[in-house]
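We call the chains A, B, C and D, going by the order they appear; numbering starts again at 1 in every chain.
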Amino acid sequence: MKSKSHIADTHKYNFNYENRVVLKNSGIIDPENIEEYIGVGGYKAWEKVLTQMKPMEVVEEVKVSGLLGRGGAAFPAGLKWSFTAPLKAEQKYIVINADEGEPGTFKDRLIMEGDPHKLLEGTMIAAYAVGASKSYIYIRGEYTLCISRLKKAIVQANEYGILGENIFDSGFNHEIEIKIGAGAYVCGEETALIESMEGNRGTPRSKPPFPGVEGAWHKPTVVNNVETIANVSAIINNGADWYKTLGVEGCYGTKVYTIMGDVELPGLCEAEMGTSLRTIINKYGGGMKNGKQFKAALVGGAAGVFLSNEMLDVKMDFNTLKEYEAVLGSGAILVMNEDVDIVEMLWSVIRFFRHESCGKCNPCSNGTTVLYNLIDKIRKGKGKEADLDELIRISEAMFLTSFCALGQSPLMPIKSAINNFKEDFLTKIK
Amino acid sequence: MIVYLNGKAYEAKPEETVLQLALRNGIYIPNLCFHEKTGKAAKCRACVVEIEGVPGLKTSCNLPVTDGMEVTTNSEKVLQAQRMVVDLALSSGQHDCLSCEQNGNCELQDAAYYLGIERPSFQLYDDDYEVDDSSEFIRVDRSRCISCGRCVVGCNETVVNEVINFGNRGFDTKIIFDDNLVMGTSACVQCGECVQLCPVGCLIDKRAIGSGRTWELEKVETVCPYCGVGCRLEVHIDRKQDKIIRVTGVEDSPTNNGMLCVKGRYGFDFVNSEERLTTPLIKENGKFREADWDEAIALVAGKFSDIKKEFGSDSIAGLASAKVTNEENFVFQKLIRREVGTNNVDHCARL
Amino acid sequence: MYEDILKKYSPEKENLISILHDIQNSDPQNYVSEEAVQEVSEYLNVPLSHIHGVLTFYTMYSTKPRGKNIIRLCESPPCFLKGSENILKKLCEILNVEVGETTEDGIFTLELCACLGVCGNAPAMMINEDVYGNLTEKKVEQIIIDIKGRA
Amino acid sequence: MKTLDELRKIREKSQQKITLGESNNRVKIVVGMGTSGIALGAREVMKAIIEEVAIRNLTDVIVTQTGEKGLSSMEPVVDVIEDGKPTITYGNITPEKARKIIAEHIVNGKIVNDFIVTMLN
């Protein structure tokens, strides 16, 4: 590898530890030893909420921090909690969405493998805030290491009395259980996840009622992504005002971007919201591999957008990207060099959707197959220009009519690929 | 509460959905998966409408009415989306109406007709589905299944036989019986609820196939002749042949809510049976001869009177059939108790 | 036959997915048999059709016997970009199977899967519970040889 | 079961342990044992390090594990932490390279430049 000597010479790969919030401990402490987590200040926030804060104050703090859901939809976490917190119910649940399935995303895996107690601490704080005595962490079945580390962490937290009955004499009880998936991307959708947790086929439910009101076993249920929850203890420890000093207006805090593809140093970085694509590629991704030219980045996973070099300096945060009809999604950044054929990549994206469509609703299960047949035809050089309009027309109809976000998703990559890289398609059509 | 449908005001009931309100007032919105009994599945997505002030489109089958709501069911945006949705459903299988038993009674056909879809735009169907003809009364042709889910809900939640579910995923989703058995070897009791709920030609009464177009049949409502529950049913009759083609349950019947059992739905072959007695027979010298009712009744009444005189009332007992109605049973026990003078009366209590 | 697994769980439907995982993992042919479905159905009081529906919805399960080792090669866009198609070709060639098939000796079943979350080391695959990254044609050949040697 | 006071004490104690403060250990070797690391051979690296430490009877060296730092392309990753010195992160480590690090860096105090990913004060 050419790059290695380059790195060794400078002795400076930027791990960016100073900017890390959710991955502060990952790659530093022993994830299987609760005392190391406690040693770096772990469970301080838990102690603080139990001894000094009322549940609604916790909700308020998170609300003020402006923390947005990191699963892709960017829904304000505090607002989500505030719907469930005041409800009177015999049972409420926190569910952690650890079904990280968006292609190119592995941030939640790093948090769970590297710092499982951080997830547990955030979960407990959320549970205290909304008044839930039980939480579930739903992990995809493929993440075997996450499952075993989290199971160990839960046992340790119980042994230390951090979890369990009447925690530190506060009168608050809490139990955390792991639920395991079995291979279905759609279970990342919160209602499909709940279905799966209940032992069913993981197909989405009608909303309303939203899970916050009627979720798991018809009880009020807050579903949060792992990365979202991993921000919570830092917000409680340092306050909402501190949190708002990070990131950009409206999108505070850091974002874990996973960067891969044709870069020298694929991996992941945690940087402030609003870091540009260029910075992410050059500073954290080590630049383009083998000195090739940048052509495109698929941002946000399969449900994301193909961005061209015109977008290199745009701030990568939820709001700014929305202005450009793009999405940040899960924060996955797949970088493609000049040699990559976007038609091939779009084919791969659509194949993914066809494979993962759950089959519940007609436009998605049939639509993804129609889209696949079309792109496959184009890929094989048998397409015509009108097929490009057809791809957009069908995915637009799917966007308007599909049951859940999965069927709505193909529009983004299809539209952006055709609009930004039309040449690639025309070459195939000729 | 007032709801506007295409600009016109309608009085809505608080519990109903936009689709229910529209259908109740004769405004058609294409819909394939909704059924009053199986509920708002929002799976087919054909019933999308526009709501003033709400971005995008909403499915009307699971959209509760709100006061002052302004709904558009026929804008170009709505029709275009509906057209794509129905086109996709039509493209997904082998929906060749010419030979389909459901022709004229098919909700997919109705939706496609309403939207002006002449033929499916896409070729999605691959013919690796075999028709499941293994069961006695029901043919399952999955090439016509649109995964609406009515049969699944019907089997699991309405009749609670719990035999049907969805198997596989995505485009390959199909209905399965038990642990993926053919219908004939599954625990299916052939109640036919799934057939009645199926909006297309996937689940079909096997014996009706090819024996009469639905619009040529006369539908006569009656009460099931079997047990005493009194299920209301509709007999579909071909008058030319004077033959029953099929039987369906009456959906708004309070006794059976459209449901029937295997006997009520499929046990009508006795009607045209060669062996069925239609004239009374009197045995003389060891041989039956045909008689008329007056002669037969007079003969039986005379014999009963003789027996009663000679051996007393309690030497006679009456046993009624469970096939007769409660009213008929009432009359029968009156006859035995008052005219014969005995309490020896019973009912076979089973068929 | 499956009591040891079943008794670890309370007889509630929410445990179905975990139970099916355990049953499959305990089976030398890596699948959930009809007998198992029957037993689980009785234990949880859940219809057979429900269990079959769940088994065929999730890609990690199989209702047909498979090999001792399940190879699950990622075909999602990040791995596709880094050449997963070539890896697939190579695997098909050295194992002499198509996707979804089991080798004649019953040692491997080749499957494709969605993103495994090791995209920084694409192309990647999982064999049973172990993840392999930065795959090259040469590397997969070695991995297969190594596992065969242990079989 | 611990009380809040006990928790606070654990916090103080382990804080020191991480910086090697009071302990008798001179060096802490940390192997990155995330999925990526393991996929690229971190288990074998860990084994080699433990063996080497035992063979050489290095009683002042402690070997532990951690999760992933996020630089997938440099896995397996090994940190060498010494009090008062910059923490060295080595990348793309194999069992052979790990043995070399022990021999040169841990025993002889000579940093192995070729394997360095980063140096942190």
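To be clear about the criterion, a residue touches a chain if its C-beta (ideal position, glycine included) is under 8 Å from a C-beta of that chain, and two chains touch if they have at least 3 such contacts.
Keep in mind that this is a model prediction, so the values were computed, not measured.
Think of each touching pair as a link: the shortest run of links from chain B to chain C has 1 of them.
Of all the chains, the one whose CA centre sits at the greatest distance from that of chain C is B. By count of C-beta pairs in contact, A-D exceeds the other of the chain pairs A-D and C-D. Taking each chain's centre as the average of its CA atoms, chain A and chain D sit 30 Å apart.
Centre-to-centre separation of chain C and chain D, using mean CA positions: 34 Å. Measuring from the averaged C-alpha position of chain B to that of chain D gives a distance of 72 Å. Put simply, the C-alpha centre of chain A and that of chain C have 25 angstrom between them.
Annotation for chain C: residues touching 2 or more other chains are 50, 53, 57, 59, 117-121. Multi-chain contact residues, meaning those touching two or more other chains, occur in chain B at positions 166, 168-169. Of all residues in chain A, those touching 2 or more other chains are 109, 143, 184, 201, 260, 266-268, 355-356, 358, listed in ascending order.
Inter-chain contacts occur between A-B, A-C, A-D, B-C, C-D. Contact residues of chain C toward chain B in the complex are 34, 37-38, 47-53, 56-57, 59, 63.
The residues of chain A lying in touch with chain C in their complex are 100-106, 109, 141-144, 179-185, 196-203, 258-262, 266-268, 298, 302, 332, 334, 336, 340, 344-345, 348-349, 351-352, 355-356, 358. Those residues of chain C that touch chain D in the complex are listed here as 117-121, 124, 130-134. Chain contact summary for the complex, chain B toward chain A: residues 32, 40, 42-46, 48, 56-57, 59, 62, 80-81, 84-85, 88-89, 91-92, 122-124, 146-147, 166, 168-173. Across the interface of their complex, chain D is touched by residues 1, 4, 7-8, 11-15, 17, 23, 26-33, 35-36, 38-44, 47, 51, 109-110, 113-115, 143, 145, 159-162, 164, 168, 260, 264-270, 286 of chain A.
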